[in-house]
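Going in written order, the chains are labelled A, B, C and D, and every chain counts its residues from 1.
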Amino acid sequence: MTAADGRPEAPDPDATVLAERFRAIRAATLALVAGLDAEDLVPQSMPDASPGKWHLAHTTWFFEAMVLVPLAGQAPADRRWHYLFNSYYEALGPRQPRPQRGLLTRPSLAEVLAWRAEVEDRILALLTSGPPPGAAELVALGCQHEQQHQELLVTDLKHLFSHNLAAPAWRGRAPPSGMRPAPATGWHRHDQAGPVAIGEDGGGFAFDNERPRHTVWLRPFALADRPVSNGEYLAFLADGGYQEPAHWLADGWAAVQAGGWQAPLYWRREAADVPWRQFTVWGWRDVDPAEPVCHLSFYEADAYARWAGARLPTEAEWEAVASRRGLDGGFADNGRLHPAPLHGPSLGGEVWEWTASAYAPYPGFRPLPGAAGEYNGKFMSGQMVLRGGSCASPRDHLRPTYRNFFPPAARWQFSGLRLARDL
Amino acid sequence: MTAADGRPEAPDPDATVLAERFRAIRAATLALVAGLDAEDLVPQSMPDASPGKWHLAHTTWFFEAMVLVPLAGQAPADRRWHYLFNSYYEALGPRQPRPQRGLLTRPSLAEVLAWRAEVEDRILALLTSGPPPGAAELVALGCQHEQQHQELLVTDLKHLFSHNLAAPAWRGRAPPSGMRPAPATGWHRHDQAGPVAIGEDGGGFAFDNERPRHTVWLRPFALADRPVSNGEYLAFLADGGYQEPAHWLADGWAAVQAGGWQAPLYWRREAADVPWRQFTVWGWRDVDPAEPVCHLSFYEADAYARWAGARLPTEAEWEAVASRRGLDGGFADNGRLHPAPLHGPSLGGEVWEWTASAYAPYPGFRPLPGAAGEYNGKFMSGQMVLRGGSCASPRDHLRPTYRNFFPPAARWQFSGLRLARDL
Amino acid sequence: MTAADGRPEAPDPDATVLAERFRAIRAATLALVAGLDAEDLVPQSMPDASPGKWHLAHTTWFFEAMVLVPLAGQAPADRRWHYLFNSYYEALGPRQPRPQRGLLTRPSLAEVLAWRAEVEDRILALLTSGPPPGAAELVALGCQHEQQHQELLVTDLKHLFSHNLAAPAWRGRAPPSGMRPAPATGWHRHDQAGPVAIGEDGGGFAFDNERPRHTVWLRPFALADRPVSNGEYLAFLADGGYQEPAHWLADGWAAVQAGGWQAPLYWRREAADVPWRQFTVWGWRDVDPAEPVCHLSFYEADAYARWAGARLPTEAEWEAVASRRGLDGGFADNGRLHPAPLHGPSLGGEVWEWTASAYAPYPGFRPLPGAAGEYNGKFMSGQMVLRGGSCASPRDHLRPTYRNFFPPAARWQFSGLRLARDL
Amino acid sequence: MTAADGRPEAPDPDATVLAERFRAIRAATLALVAGLDAEDLVPQSMPDASPGKWHLAHTTWFFEAMVLVPLAGQAPADRRWHYLFNSYYEALGPRQPRPQRGLLTRPSLAEVLAWRAEVEDRILALLTSGPPPGAAELVALGCQHEQQHQELLVTDLKHLFSHNLAAPAWRGRAPPSGMRPAPATGWHRHDQAGPVAIGEDGGGFAFDNERPRHTVWLRPFALADRPVSNGEYLAFLADGGYQEPAHWLADGWAAVQAGGWQAPLYWRREAADVPWRQFTVWGWRDVDPAEPVCHLSFYEADAYARWAGARLPTEAEWEAVASRRGLDGGFADNGRLHPAPLHGPSLGGEVWEWTASAYAPYPGFRPLPGAAGEYNGKFMSGQMVLRGGSCASPRDHLRPTYRNFFPPAARWQFSGLRLARDL
C-alpha cells in the first residue's frame, strides 16, 4: 500500500495492535490443545458441550462468515463447513444440529488446522492492507469470541475426559492437596444507600450486554472478600445440605432429586468414611479445603448461601465493589486451569461467581447490528449472571463489567460463589 | 366467651370482618363449580394443572394444616387427606405426586364438600371465639391463597375442557364476536429519570414477595394505556411472526419449534383462509379483534413486543404507573371469565401482563416464618413476573404491588401483554 | 314379525340364544361397577389403562359402530362419541388420543348409561326382528369383546385404586391370608414326539387368531399341574432373584433396573424384615403363600422359570395339555376377583399364564373382513401369548384354544406362570 | 514343543487351520478401516451403534477376556480396558455405559492397534504351542464373533457418515445406477405338508442358537426366488404405502408416525417430483430399481408383504429352501459393501431378509457354558429373526442355519425381504 505521495504508507497503528492481538489469541487457542491427539478433539460428551475440533473450527468460521465473506467479498474455503460450524446464527443459515457436533469426523483436525492458518493469513492481510469499514470491529469481536471459546474448550474437554476411566492426566501432575483451610473471610462494606452506575462507559471493548452504563439503586450491603472454599462447602455437605429441602429453591431441589446430586460436579467418594476426591485437569485428586469450591450450579450456590445465613450478591452489588477494587485472582494465563488455594482477599479469577441476578437486558440495551446481533441478546431468558472470570478465562478478556451467563443447573463451568449480606 | 367482669365479650371487630371475608371467599369458590358434575372435577389435564376437586380440597387443607392443627390443636379430619392435598410444603410432610392428582377418585366430591363445610365451621368458631396468636394472620393468608386457587380452578378447568370435543359450553352462551378493532393505543409517560419506591408499604394484606418497599431507579419510559389486542396480534401472525426467528428469544424459538406453536393457546383454524377461532368458557367462537390477546407465553409476548418495535415493561415501570393510576379492568367478580373487548384506556384486570422482570426477591426480602415460608420464596427462579390480574382474578385479591409469576412457556393462564418503550 | 302365511313368526332360536347372552353379558359389565361412584370411573392411571366410563362407552360404541350404523342403517346417538370411544380402528376414523381418555368428563356416566340402555334396546330389537346378514356374527363378536373389556375394567380399576392411599376396599373385606404353602407340584407328561393339532376346529365361537387349526410338532415335555405359588416366588426373592442378572433376559434385566422392580407389581414391604403385603380388590393384605403368584411381567415369569431350573411352556404345549384336560380354575363368575389359594392340580382360571411363545399369526391366518379385521392381527408383534384365563375372566369367554397377549413388561393383568420342562 | 520321543512335535493340523483362519479374519477387520482416519473411528452416532475403534478393541478384548486371561492365566494388557470394551457380559464385570462408547478418546487408535497385534501374537503362540482345553473352541467362537463385528463396523460407520454433509466417499466411486428393473420373480415351491428338520446337525461351527436340530411341521408354501427390489418398493411408495395404516402392524404404524418415516433409511428426495436418492458407502446416488431394497425395518418389510398380497416367510420355511439350495448372493468378500443389482434367482447375501419369526430358543436349546453363555440366549425376546447374510457379511461366516436377529424397528443393517405365500 502506498500513500498518495508515493511513500510506503505507515501501517495503521490500531490495526497493527489488533493484528498482534489476533495473532496471539489464535496461538493461545492452539496452545490449549497441545499434546492432545486428534481423537481427543472429536467427541461431544453432552449436548451443552462441543468437541474440541468444533471449537477450533467454529472460531475460524466466525472470522470467515462475519468478516471475510461479507465484508471482503472472499469465497469461503468450503461452503459445507459453514453448515457444520455455525453455532446458532439463524441469520446465517441452517446448521449441524447441536447434539450431533460430535459426529463430525470430517473435516479432519489437519484440515481444520490448515483452514485456521489460511483464515488467519487472510485476516492479517486484511488488517495490514487497510480493512474495509466495520471489519476491525468485527475482528475485535471475533477475538473476544475466541477467548470465550478458549474457556469452553477447557471445560468441555474436562467434561469429556471425566467420562473415561483411561483418560491420562491432561496437564501434567497435580500439586498435592493441602490440608489447611482457607483464611477467614472479611467483608467489603457498602454502607450508603443510593444510586450507583454500572455497565460499560466507553473506552475499551465491551459486549453489547454490558451497555449502556446506567444507574441502579443499591441498599447497604457487604460482600465477602473471597469466594467460598471447599472446606466451607464440606461443612454444608456434612450438615446434610443435600438432604434438606428447606435450603433449596424448588427448582433446585427438583434438580438435586432428578440428578442424584450429592456434591459438586466431579466430586466422588467410594464410601461415607473416606475423603472426597475430585476430577481435575490433572486427573483425580483429593479435595483441597483451601481452594474455592467449584463446579456448582446456581442452585447449589444459592442453597449454600441460604444455609450459611447469607445470600448471593446481585450483579450490581458485585460490580460496585469490583469497579472500585479491580480483579486480581488467577486466570488462564498462568496455565494452571484449576483454581488456586485461597490465601487472602481476592476478587475475580479462579472461579466464576454466581449472582442472584437473572440475565436480562440493561435498560436501553441495543443489540449489535447484523448477524452479530444474535451474539448476546437472544439468550436473555432462563439464565443467571456470573461474574469475575475463572482459572480458564484469559486475563485480558475480563473486566469488572463483564457479564457471563449460564442456565441455573449448569455445573461444568468453573463456577463457585461469594457470599453477600444486607447491612 | 365472657369478659372478666361477666358481661358477654363483644366480638373483635377485626375478627368479624375476617370471618365475613372468609365466608364470602369460600362461597365464591363453590360458585365457580356450580352446575358442573362431580366427574368434571376429577381429571388433571397436565402436570401443571390440578383437578377441580383437588383445588376444593387443597384450599381446605390449608386452613386445617396451617391453622386448626398447629394453632388450635385440633385433629385433622383424616390424616390421609393431608398426604393427598398438600401441594408442595416440604415442611408438612410427603405428598401425593403432583402428576397423580387426577387419580384421586376418593375422597368423593361429596366428602370433600362436607370437609369444606366442617373446616369452615371450625375456622369461624375459632375466629369468633378469639383466635390463638397468629391464627388470624394465617386465616387471612388462607383467604388470599384460596383466591389464587379460584383463578387456577378456572384456568385448569378451561384447559381440561379444551381436550374434549364433547364438552358443553361451561358458562352459557358466548356473546357474538365483534368485528371492530380496539381503539388506538395512547401512552402513559414517565419523563423523569430518578428513584421510585415500589412494593408494599404497610396497611393492608400483602404477600411476603411484595415486601419490603424499596427504591429502584427508573429511566424515562412510556407505558401503553391498554393491553395489545387480538387484532394487533393477528397482524403479527399475518406477518409471519411465528416463522421468523429474529423476533424471538432463543428459548422462545425452541419452544415454538418443539410445541408446534402457530398462534396463542386455544386458537385454531381449519385452513389458512378461514378466520381463527378460540376456545373459551363458552365453547368455541371466532377471535374478536377488540379483545386483549390472551393465553400467550412470555416468549410470545416478548416476540410480539420486539416485532412491534417496543418492549415489555419491567415490573417496576408497571407498578410506578399502576400505583398512580389504580386498577380498573374487568375481574372475576363480573362473572364473565373471559377478557372483555377494549374500549379505551385500562390497567389491570382482563389479562395478566407479562413483564420483562424475572421473578426474584426484593432487596431485603424475608420469607414468612414456619411452613408458610414456603409460600413464595422457593419459587424465585426460572419464572417471570406478571402484573395486573385477569378476568379470572377476584377484584379484592389484587393490588398495584401484586406479583404473579409463571414459567416463561406457560400459556394456560389468562396472560397477555402491554407494550412499553424508552423515552 | 309375521310369517308369509300370517301366523306370527317363531323367533329364530339362535337369535334368541344370542339375545339372552347379549343381555346377560351387558348386565355383568354393569355389575362390576356396582357400588362405585361416577368419579371412580373417570381417571386413567397410565396410557395402557382406560377409565371405567370409557370401557362402558367403548363396548357400547362397538355395537353401534359395527352393527347398528353399517348394517342396520341407524344414526349414531352422537357422532362425537364415535370420536371419543373408538379405541384403535383406523378404518373407522380418528380417535381421542389414547393417553387422554381420562380427560373425558363428558358425556357423564349417566349419559353413558343411558346410551348403553338405548343401544341394548336397539340390538335386542334387531336380533328379535331378524338381523341383517352378518349382524348376528358381529353381535357375537361384540359380546366376546365386551367380556374382554370386563377383565380390563377390573385390572384398570385395580391399577387406579392402587395409586390412592385413601381408596376404600373396593370389594368388601379380604379373607385372611393363610400361612400354609400350596401343595406340591405334579407334572402332566407328554411323552411322545410327534405332530399335534392346535387351534380352533369348528363349532363354537373363536377369534380369528385361534384359526386355522393346524399341526405343530412337539417334543416330549412335562407341564406342571398347577401354577407357581407366592410361597415359591418368595423363595426366588429371598435368593436374590431380582439382583442376579444371570436369571434374566437382557430386556428383562433392563426393565428391572429401569423400573426399580424388586417384587411383583402391587407388592410392598416397609422394611426387609417384615412380611410382604399386596394390594388387592379388598385393599392391602399380607401375601398368601398358597395363592398363585400374580401381576408378573413375562420377564419375571421367564426369570423365575430359569432360576427354578425349568422353562415356560410354549403355547402349543400348553394347549396340547389343556385340550385333553379342560379348564377348571376360578373365573370371574365366582365374584372373588383375586386368585384363590391352590389346593391341588388346576389348569385355567385364577391367573393368566405367560408362555414362551411370541404372539404371531397361525399358519394360514386370515383376519376378519372389514373393520373387525383390525381386531387381532395388527397386534401380532412385540407381544407374548398368555393362556388359561384368570379370576377376572368370564368363564364362558375362555377355551383351551384362547390366546391372550400382552407386551412382555406388562404387569397389571392377573398374570402368573406355570413351569414346563423337557423330557 | 517336543513329543515324548524327542522329535519335534508336528503342529496340530486343526490348530494350524484355526490359526490361519484367525490371522485372516483379524486382517480382514483391519482392511475394512484402511484409508480412514483415527478420527473417523471415535464417534458413536446412536446408542445402538458403536465406534469403529470400539469394535477393533472389543473384538480384541474378547480373545483376551475369554481365552488369554481365564484359560492361559495371562495378565490383561490394561485392566481398565476390560471395563471400557466389555459389551454386555454381566459375568465379566461392569462396563462403560453403552451410550458413552463414543467418549473413549483413549486408548488411542494407535494403542488399540498395538493391543490387537499383541493379543494376536499371544493367541497364535497359544494355538501353535498346544492350546489349553477349551481354548480352541473359544478362539473359533472369537473368530465368528469378530466376523459379526466386521459387519457391524460397516453398518455403524455408514450410519455415522450419513450424519455428515462433508463425509467423503468412503469406498471410492459409485457405479452408475441402472434404470432397468430387476427380472421377474419366480417361486420355490414346497408342496408337501409334513415334518422338516431345521437347525445345525453337527459337523462345522454353529452358534448355540442354531441348535439343536429339531423337527418343525410345515404346510405347503412358496418362497420367492429373489429378494424384493427397489423398483418394486418404489411402487409401494407411489401407492401411498407409508400413508395407509391398513398395511401396517400397530407397532409399525406407531413407528412410522413417531419417526416420520416416508421411505427406507438413507433414502431422501428434495421434492416429490424428483427421483429418490440413497446414501451408500460411495456417498449419495440415485436409487437403482434393480437392487434389492435395503435398510428396511421389520415393520416395513411386513407392511410391504401385506400390500403385495403375500407375507414374510417363517425362518423354518426359509431354511427349508436354503438348505436344499444353498447360499449364492454377494458377500463382503467381494468388497462392494452394497447390494448388487438382481439379475436372476439368488438366495443369501446382498441383504438380510426379515422373517415372520420372533427370535426364540429352539426346543431343547442350551446356552454355552460360562461367560460365553451370554452370547445369544439372553437376547431371545423382542427381536425378529433375519436370514441369509448381506453384502457386509463374510461369506464363510454364513450358513443356511444361521440366525441373525434385530429389534423390529432397526433399519441400519443391510436388511430387506423376500416374499412367501401359502400354497
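Quick note on the criterion: a residue touches a chain if its C-beta (ideal position, glycine included) is under 8 Å from a C-beta of that chain, and two chains touch if they have at least 3 such contacts.
What you see is a predicted model; the values in this text were computed from it and never measured.
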Smallest count of steps, each to a touching chain, taking subunit A to subunit C: 2
Centroid spacing, where centroids are CA-atom means, of subunit A and subunit B in whole angstrom: 38
Rounded Å distance, subunit B centre to subunit C centre (Cα mean): 46
Intercentroid distance (Cα basis), subunit D paired with subunit A, Å: 46
Between subunit D and subunit B, distance of the C-alpha-averaged centres to the nearest whole Å: 59
Multi-partner residues of subunit B (each touching 2 or more other chains): none
Arrangement of touching chains [line / ring / star / complete / other]: ring
Those chain pairs that satisfy the touch definition: A-B, A-D, B-C, C-D
Residue ranges of subunit D in contact with subunit C within the complex: 88, 90-91, 193, 195, 214-217, 219, 245-246, 248-253, 298-299, 302, 314, 356-358, 360-361, 363-364, 378-382, 384, 408, 422
Residue ranges of subunit D in contact with subunit A within the complex: 37-43, 45, 53, 78, 80-81, 83-84, 96, 100, 102-109, 160-161, 163-168
